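What follows is a pair of complexes built around chain A, which joins chain B in one and chain C in the other.
Our next item is the complex of A and B:
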């Protein structure tokens, strides 16, 4: 192949029709979803403190879990919620579920089906965990919880008065919780829990977020935010750590299985980046006309 | 007068809330001298009042949505069929939720119960629609990355290199590719480099943006408190 022909091929690789990209991505994702490879994973600098904090919780410790996400970000954030809930129940902690998203109650129902009823059928609502659900008001809900839980929630989602719930014994306000776990995909979410909940009360805050949101929260780590599960990778790390720590419990590994398609998609994007830049890497000849023009 | 009253109210409430943030006591209530008790009262009740108002905002939002889309359908404006779909969806889901169809009856009946129609609509329509919309991003991002990340300048080369490291470092592929790196050179592993990029250069930029925004918000707040900023007085 002569230089001109090679240059032509490189030019064409740099101008591929987007439908070829879509087709390649679809084929790779479909093949990976069909094969379902399971990669090993380990805790990172950001996710390790979350795991260790929960591992160190004494039995019966009340933990506030805020499910601030919708189905759009559920593929990334929901596996974290499932893994954290399983971990809390394994440790004998008392998760108290709230949400600042209107869709949060529906997400809570799915969490109840997939993590609590499926893996902990012996646990009892109201005794081992509580679902308080959604309240309108965004960060002002956090502000009210800081003062008094009862101002926002007189009953749980089943209608049981909160005073009658053993899981809320000794819990009156935000600083009675051992830790706040906020799983968020936007606003209001983890940032609001840090600023309005954790900072004023001194209650430790940890959480998870979508991959694209993670860089924003690193500014709060490790002081105001004790740990962070960033995107699907964070969820996968947590699932892997949970499986290593409790090998006798074979929980579903949703995030770890989803890392296969994500890895292939990332590799494909990198391949296309290389193809797109090949034409920029070839040596270029100077255009005498252009030079003359500049001089003039 | 139309401008003055909203400004005075805004300034008064704003200053009161700032004083409350510093004056109210954290922890159990009761006792204390009167200013502190007053700050406690404000701190305790303002959030609740706000939350009550927030509920009415839903009603206002729903009414506004109905008004604009009904007008669009009635006058057959461009794309009116989309408005018709919006109206049918809105009224349908609202009725299902308000009447608690299929779920436990009564005011305390939860609409997210497995048999409730609201949960069925959520699982069968809302969830797949949102998931599909979000999943399409993977295709758009691939196409956008292919077209945008070009080695046009040294800055673009740095951006491209960072993207390579972070994309690889956030997947098991990066871990696998880094396995031959000896422990003494562990900082050169792709996952370690990815964490470094996120924690050092990225964080420096993030902090600069955060601090800049905070300073800007402080300046804007001071202008509003001083009555020199624009306050939305509901058309005042």
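Our next item is the complex of A and C:
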């Protein structure tokens, strides 16, 4: 291909309708989902402390798990919740599920179906884990839990009084928990648990968040936040670590399977960026001072 | 292919929303309006049963608790709940122009208490603790007592990046010499931070798209 023809191709690329890019992205993602490649993954600096903290929990340790996300962010945050719940139950810890999101009870039901009932049918609600559910009040709920759990929750989601639940034996306030795990997609979420839960009581806070939220929370690591699962990558790292540590338990690897399409999409976006810039720069070189063509 | 009606409805609505990529169209508008309407209805119902019912109705009429929690304890009557209830009703008076000025009282109360409550926590956790975490450790040592030079360099890089970023915002006129150089360094740090944030945002959006495609190709069509 000579220079003129190459320039012509680049100019046409610059005028390409963006819907072709959407179609290319869809085709690549569909093909990758169909092939289901599983990339090896390992714990990062931020996710390793979460895994090691839970691994070091003594059997029966109460752990507060706050599911502060909605269906819109479930593809990213739900795999973390599933992996963390499986890890807690494998270690014999006592997860206590709460949520500051109105949609959180539905997320809790999905978690129960996919992780607890499916993988730990022998576990019993109230004895091995507790679902306290949603309470309105945002950070005020955390403030109340700091003083006394019973002021916010008189019963669990089934209506059983909390005094009758063996899983809550010895748990009266927030600082009775071994660790707070907050899985969040916005406000209220991980930040509120750090500011109103972890910092005033000294209870360690770890958690997971959407990719968009991750840069904000990295500033709290490692002092105020002991570990962070950032976006789908964080969930994938945790799933991989769980599979390496407990090879006898073949849990579904939802996040790891989603990282294949994620990688392909990133490569395609980078390719689009390079082509777009090439087509943008080419006409400028021919006629300096004029901005011809459009980038897709 | 799924035989569940719920899955088919969810798939149809997903396709309606994705059709916006082609162009704005009535199917997209329908899905958008349905989403807004259902969300508003859901939040209103949740607001009533999770806030108004337990915090106002049950505390004023304790026997009402039996309707939602037959086995739960009956709480004591709390007449003081009338105060926030009245403030809440005053908030609604904004809908009537002649009485809308009364809505300023609950608004002022809410803003004042929220400010007062949050200020202390934000100053301690988001300001002082962050400054302490940035500048406190001069030399980071391992558990064996040796200096961890990599971690120490990282720490000082953070200190330098933070300081140059502050200089960039403090001296926005630019300037020559050392001050201008530090400000330009701060600009580079900011660009790197914005780039990392943008990369995380791309990952988040692609993850949501992958989740939807997993639903459409897997749960709905059964292809993957």
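Methods note: the second predicted complex is superposed on the first by the 273 of 296 C-alpha atoms of A that agree within 3 Å, B and C clash if a C-alpha of one lies under 4 Å from a C-alpha of the other, contacts with A are read in each partner's own complex, and residues count from 1 in each chain.
One rule holds for everything that comes next: a contact is a pair of C-beta atoms (placed from the backbone, for glycine too) under 8 Å apart; a residue touches a chain by one contact, two chains touch by 3 or more.
Treat the numbers as computed from the prediction; the structure is a model and nothing was measured.
Undergrad: So, does A:135 touch the first partner chain B, the second partner chain C, both, or neither?
TA: Both chain B and chain C are touched by A:135.
Undergrad: Which holds for A:187: it touches chain B only (first), chain C only (second), both, or neither?
TA: Neither partner.
Undergrad: Going by the contact rule stated at the top, is it chain B or chain C that touches a larger number of residues on chain A?
TA: B
Undergrad: Looking at A:231 after the superposition, I want to know if it touches chain B, chain C, both of them or none. Which is it: first, second, both, neither?
TA: Touch status of A:231: both partners.
Undergrad: For A:211, select first, second, both or neither according to whether it touches chain B, chain C, the two together, or no partner.
TA: After superposition on chain A, A:211 lies in contact with both partners, chain B and chain C.
Undergrad: Once chain A of both complexes is superposed, is A:265 in touch with chain B (first), chain C (second), both, or neither?
TA: both
Undergrad: According to the stated criteria, A:11 is in contact with first (chain B), second (chain C), both, or neither; which is it?
TA: neither
Undergrad: Touching A:72, do we find chain B (first), chain C (second), both, or neither?
TA: A:72 contacts both chain B and chain C.
Undergrad: If we overlay the two complexes on their shared chain A, which of chain B and chain C does A:219 touch? Say first, second, both or neither.
TA: After superposing on A, A:219 lies in contact with both chain B and chain C.
Undergrad: Go through chain A and flag every residue that touches chain B in one model and chain C in the other.
TA: On chain A, the overlap between the chain B and chain C contacts is residues 22, 25-26, 29, 72-75, 103, 135-136, 155, 159, 200, 211, 214-215, 219, 231, 233, 262, 265-266, 269.
Undergrad: Which of the residues in chain A end up touching chain C in this complex?
TA: Per the touch definition, chain A meets chain C at residues 19, 22, 25-26, 29-30, 33-34, 36, 72-76, 102-103, 134-136, 139, 154-155, 159-161, 194-196, 199-200, 210-212, 214-215, 219, 223-224, 230-233, 258, 261-262, 265-266, 269.
Undergrad: Quick check: in the complex, which residue numbers of chain A touch chain B?
TA: That would be residues 16, 18, 21-22, 25-26, 29, 39-41, 44-46, 70-75, 103, 105-106, 108-109, 113, 135-138, 140-141, 143-144, 146-148, 151-152, 155, 157-159, 175, 200-201, 211, 214-216, 218-219, 231, 233, 259, 262-263, 265-270, 272-273, 275-277, 280-281 of chain A.
Undergrad: In the complex, go through chain B and note every residue touching chain A.
TA: Per the stated touch rule, the residues are 26-27, 43-44, 46-48, 50-51, 54-55, 57-58, 106, 108, 110-114, 119, 122-123, 126-127, 130-131, 133-135, 138-139, 141-143, 145-147, 149-152, 160, 163-164, 167-168, 170-173, 191, 195, 198-199, 202-203, 206-207, 210.
Undergrad: Spell out the part of chain C that touches chain A in their complex, as residue ranges.
TA: The contact residues of chain C facing chain A are 21-22, 42-43, 46-47, 50-51, 55, 69-73, 75, 118, 121-122, 124-126, 129-130, 132-133, 193, 196-197, 200-204, 206-214, 217-218, 223-224.
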